[in-house]
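One structure is given below, encoded as C-alpha cells.
Chain naming follows the written order as A, B and C, and within any one chain the residues start at number 1.
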Amino acid sequence: MLIMKNLAKVFYADRIKTQALHPFDLQVEQGEFVSIIGSSGSGKTTFLNIAGLLEEHSEGVYLLGGQDVTTMKDKQKSAFRNEKIGFVFQSFNLIPELNLYDNVDMPLRYRKFTAAERDKRIMQALEQVGLAGRKHHYPNQLSGGQQQRVAIARAIAGSPAMILADEPTGNLDSKMAQGIMTLLKDINAQGTSIIMVTHDNEQAAQANRIIQIKDGHLSELKTLEKAIA
Amino acid sequence: MKDFFPILKSLKKQKIAPILLTLQVAITFMVLVNTAYMIGERSKKMQRPTGLDEANTFYIVTNFLSEPHQVIAEQNDILRQIRGVEGVVGATALPSLSLVGWGRYTDFYLEPNGNSVGFGGYLSSDEHALKTLDLEMIAGEWFVPSDILETDKEGTFLPSQVVVTQALAQKIYPDNWRDIVGTTLYFNGAPHHVKGVIKTLQNAWQFWSAVDATVLAGVNEAQPASPSHIAVRTQPGRLEEVMNNTVETLLKTPGRKIEKMSTMREVRQKAYKEDLATSKILTAIGVGLAIITALGIFGQARYNVSRRTQQIGTRRALGANKWDIVRFFMVENAVVSSIGVVIGLLGAIILNNQFVELLSINPVPLSYLLAGTVVIFILGQLAVIYPATRASRVSPAIATRGA
Amino acid sequence: MMTYYFKLACLGVRKTPFLSFLIVAMIAIGIAATMTTYTVSYMMSKDPIPAKSQTLFNVQLDNYTKEYAIEMGDKLGYTITYQDAVNLLKSDIPVNQVALNSSKETLSNPLRTDLDTLNVMVRTTTPDFFRLFDVPFTYGNGWDQQAEDDAAQVIVLTKKINNQLFDGENSVGKTVVFADKIFTIAGVLDHWSPIPKFYSTAVDTYNDPYDVFIPLNTQIKNEFYSALNSDTYCTQEPADGSFSGLLTSECTMINMWVELPDEQTKAQYKDFLTSYAQQQQAFGRFENSTRSKLLNVKERLIDDDMIPNEGKLAVWLAVLFLIVCLLNCMSLMMAKFFGRSREVGLRRAVGASKQAIFIQFSVELALLGALGGLLGLALAQLGLNILTGIYYYMPAGIMQMNLSLAVTTLLLALLCSLLFGLFPVLKASQTNPSSQLKSL
C-alpha cells in the first residue's frame, strides 16, 4: 500500500545543500508493522514527515494506496492525510482547550460525516483505548499514558489505512509504554498498517520489520541484533 | 552601534511586523504634526487681544422709543444714565464692537479716485471711547469733544476725524506707520482726517484677516432702525453688579427694552466657539493616536521578547550583559521610528497640502516637524523600555535547556 | 461545519484573552472615532428636506451697484429687497412661494401673570411657508392669504413656546400679548428642526427655527424691525432712516423661496424673473445687470459655505486614526495567529486543508470584528455624548446616530477586521504542518 522508489530529500539552508535522505526504495504492505530506528538527526523524522505528507520529497516516486502523491495539491493531500493516515506524536499534541471527545472529533470535522456517524466513531475509538468514560475530561486531567491513548483514539477514529507514530512512547515510563505498544499491536492486528519511529530497540523488535536510518541511508535489518552490532 | 546591522538584518527577516509598525509610526507622525500645528495656529488666533479691558467690559443694545430725528438725543440720554451708575468707568455707543460678528467694513484710499490701499473694519464713537475701550494712543492725538459729529444715519458716509489701529497704519504705511498721522483717508466717498494711532482695537469678525485693522471715527451715531452697541467698562470686579444696576436703571423708562446684553468674555467665547471645539477634537485625536501607537510599539516589543526568549538567553549565555539586551531593543525601536518618521515626513507634507487646500491654512513650519520627530522618538523609547528590561531579565540558563 | 468553526472561534478568543481583548478594543476605538466624527459631519451636511431639495429654490436678483458688483463677482445676494419680494409674490408660476424676514419681540400669556415675558425670535413670513417647507402642526394651521393681506394679528407658536406659555395644551384660538399687541394663536407646530437650517442665513445654519411665526404684512404694518435681527444688507444708503425709507430702498432683507415642481415651471419662472429685472431696469434700477439665479437647497448650502469644513477635517483625521488602529490590530493578529502555529500544524497533520484553517481563522476574525463593532457602537455613543458637550452651540440632533449609521458602524468594523486580518490569517494558514510538530 506504500511504495517509495528512489525517494530522496535534500534541504537547502543558507545555500548549503544537505542530503537528509539518500535515494532509497521501500514498500510497506497492508497490515504490516514497521519500526524505524536510528539515532537523532539521522533523518527519521524527515522520513516520517514525508511518509505522512507533511513534507515534500525532493526526488523519486511515492505511491500511497496506489496513488502518486507527488503531483497532489494541498487540498488532496490534506484529504489524504485525513482519510488514509493517523498520526501519533511523541508529545501527544492534544488541544488543551478541548475535552477528550472534541479532541478525537477534530480530524472527523474535516470529513463529511453526519453528526451521528462522528459520534459513533468517536465513542468506538475512545472505547478501544479504554477512555470512553472520561470523554468530558480535559487533557490536563489525564496521565501521560492516558493522553497518548486519546491521541491514538484520535488517530484511529477516521479508520486510516496506516498509522504513523513518532516516538509514541518517548515521553512515557516503561510500564505505560508497554501499554501503548499493546494497544498499537491490537490496532495492527485489526489490519491497520503501522509505521513507528523509535529509539527503543525492545519496542522496535516487536514489529514485523525493522528499518534503520543512518546518516540519511535506509537499510532493512533482518534481525535486531544486527542493528545493535 | 555594533547592534545596528544585526538589527537591520533581523528587521528585514521579520518583514511584516516592522513594516506595520513603521507605517503606524509614519501615520501617527504626520497626523500628530498636523494636528499640533492646527491647534497651535488656533490658540495663537484665540489669544489675540481685542484691545478692550475684557474682564470688566460688557455691551448692551436697547430699543429706541422716540421719533427718528430724536434718537440721537435719546441715545445720549441712555449714555448719561449708564454713566451715572455706580462703578461705571466709561460708556460709549458704537455701531458694532470687537468680535460680535456683525459690523461694517470698508476699503481705504489715499486719493478720492485712486486705488484701494487696504481694507479694514469701521467703528465709530465719541470721546468717551478712550477710557471705555481701554485704548492706548501711540501716535498723534485723541478726539476732543468738538471733533465728534452726531448723526441719525450711517456715519460712514460723513467726512470725519478718525484714529486708526497700528495694524491698519502699518498696512497703509509699511515703512513708517507714524506717517499716517495728519493725512487724509478716503472711504465711502468722504475724506477722513487721521488724528492719531491706537495700539489695538479689533473689529467685528474674528475669522477675518483684517480683524486688527480698524478705523475708529469720531461720530456719535444713532440709527432708528439699528440701535447702537453701548460698550460699558466697569471698575475691576464689579462687572456683574454694574450690569444688573444698568438694566434696572434703564428699565425705569416705560417701554424700554434690552435687545441684547453680553459680557466681552461671552463675546470672545462665542466668537471662538468653533475654534475651541475643533481644538478639543484635534487634541483628542492627537493624544488618542499617540497612546495607540505607544501601545502598538509596546505590544510588538513584548511579543518579540517572548518569541525571542531562546535567542535572548543564548545571547546572554554567550556574554551579552543586561544593558546590551536593553540597548538592542531600544536601537531596534529607534530604527523603526526613523524609517517611520521619514515616510511620515513625506506623508505630512502631502497631508498638509490637502489641508492647505481644504481649510486655507499655511504649510507646517519646520519647527513642528522637528518637534514631532523628537516626540515620536521619545514615545517609542518610552514604550519599549518595559519590554526591554523584561528581556534583559531572561536567564542565560535557558539556552542549555534545549528547544 | 460553520457552527464548529464558530465554536472554535470562541475557544480561540478565550485562549488568548488579552490579545483578543486588545484587538477588539483597537477595532472599537478606531471605528468609534471614525463613526463619531462621520456622524457629525454627515448630520451637518445631510439633505435637510429630501422630498423637496430639488424643487425648492432661493431667488436671487442683482441689485448691486456697478462698483460693488466688481467685488462680488459671480455671487449674488441671498436676500432681495422688500419691494422686489412684493412684486415677485404676485407671480402665479410657483406652486408655493414665501418671503422671509425676522425680528425679535416680547411675548406673554396674558392669563398667566406668574410667567415671565419672553423675548422671542420671530420669523415673519407669507402663508405658503408651512406648506412649502412641509412644516408639521400639532394643533391648528398657519394663516390664509386673507389674513396675510389684512395684516391680521395672528401667530403660530413652536412646540417649545407653547409648552412654556400653555403647558403644551391646545392653545389655538387663545390670545397672547406679542410686542404689546393682542395676537390670536392660529396654530402650534409639532417638533420641527431641519438640519442644516438651509432657508435662512449661514450664521444660523445649526440653530433651531425661530420661536414664533407671524404674517410678513403684519410685521410691515406694525414696523416690527431691528437691524440686528433682520439680516439687512445695504449696498446703497437708504433715502432716509425711517422704516418706510428702508422698505423702498435698495437694502436687501427678504429671503425668498419658491417651489417649482419641474423643469418647465423652473424655465417659466426664470423667464419671469428676467423680464421683471428688465422692466425694473427700465425704471432705473438694477444698474449692474438683469441677472437672476435660482439656487436649489444643495446649491444654496454650498454657495453660502453653510457647512463648516471642520467636520470633514475631523473625519479625515479619524480615518487615519482608524488606519493606525487597524495596523496595530494587524500586528496583534499576526502575534495571535502565529502563536497558534502549533495548533495549525496539528490540524494540518490530521488532514485539515489550508482552506479549512483559513476559514476557521476567518470566522474567528469575523467574531472579533463583530465584537469590535458592538463595542465601537457603544464607544461612538459615548463619543457623541462628549461631542454634544464640545459642540454645545449646535443642536443635539446632530450628535445622533440613525439606524443606517449604526448598521454602517457594524459593517465597517467587520469589513475592516476581515480586510486587515486577511494577511495574518492567510500567512497563518500557510504554516507548514511538519515544521511545528518536529520539535515537539
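The rule is simple: a residue touches a chain if its C-beta (ideal position, glycine included) is under 8 Å from a C-beta of that chain, and two chains touch if they have at least 3 such contacts.
Listed by chain with UniProt protein names: A = ABC transporter ATP-binding protein; C = ABC transporter permease.
Keep in mind that what you see is a predicted model, and the values were worked out from it rather than measured.
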item	value
Identity of the chain that, by mean CA position, is farthest from chain A	B
Chain nearest the overall C-alpha centroid of the shown protein atoms	C
Distance between the centres, which are taken as Cα means, of chain C and chain B, whole angstrom	27
Distance from chain B to chain A - Cα centre to Cα centre, in angstrom	74
Geometric centre distance via CA averages, chain C-chain A, whole Å	68
Partner chain C, residues of chain A touching it in the complex	45, 49, 52, 54-55, 74-75, 78-83, 85, 87, 89-91, 93, 95, 97-98, 106-107, 109-111, 154, 158, 166
For the chain C and chain A complex, residues of the former touching the latter	1, 4, 11, 14-15, 342-343, 346-356, 432-434, 437-438, 440
Touching residues on chain B, where the partner in the complex is chain C	16-17, 20-21, 23-24, 27-28, 30-31, 34-35, 61, 63, 68, 101-102, 152-154, 157, 223-227, 257, 259-260, 270, 273-274, 277-278, 280-282, 285, 288-289, 292-293, 295-296, 299-300, 303, 354-355, 358-359, 403
Chain C residues touching chain B - in the complex, by the definition given at the top	22, 26, 29, 33, 37, 104, 106, 203, 225-229, 232, 234, 237, 240-243, 246, 308-310, 312-314, 316-318, 320-321, 323-325, 327-328, 330-332, 334-335, 387, 390-393, 423, 427, 439
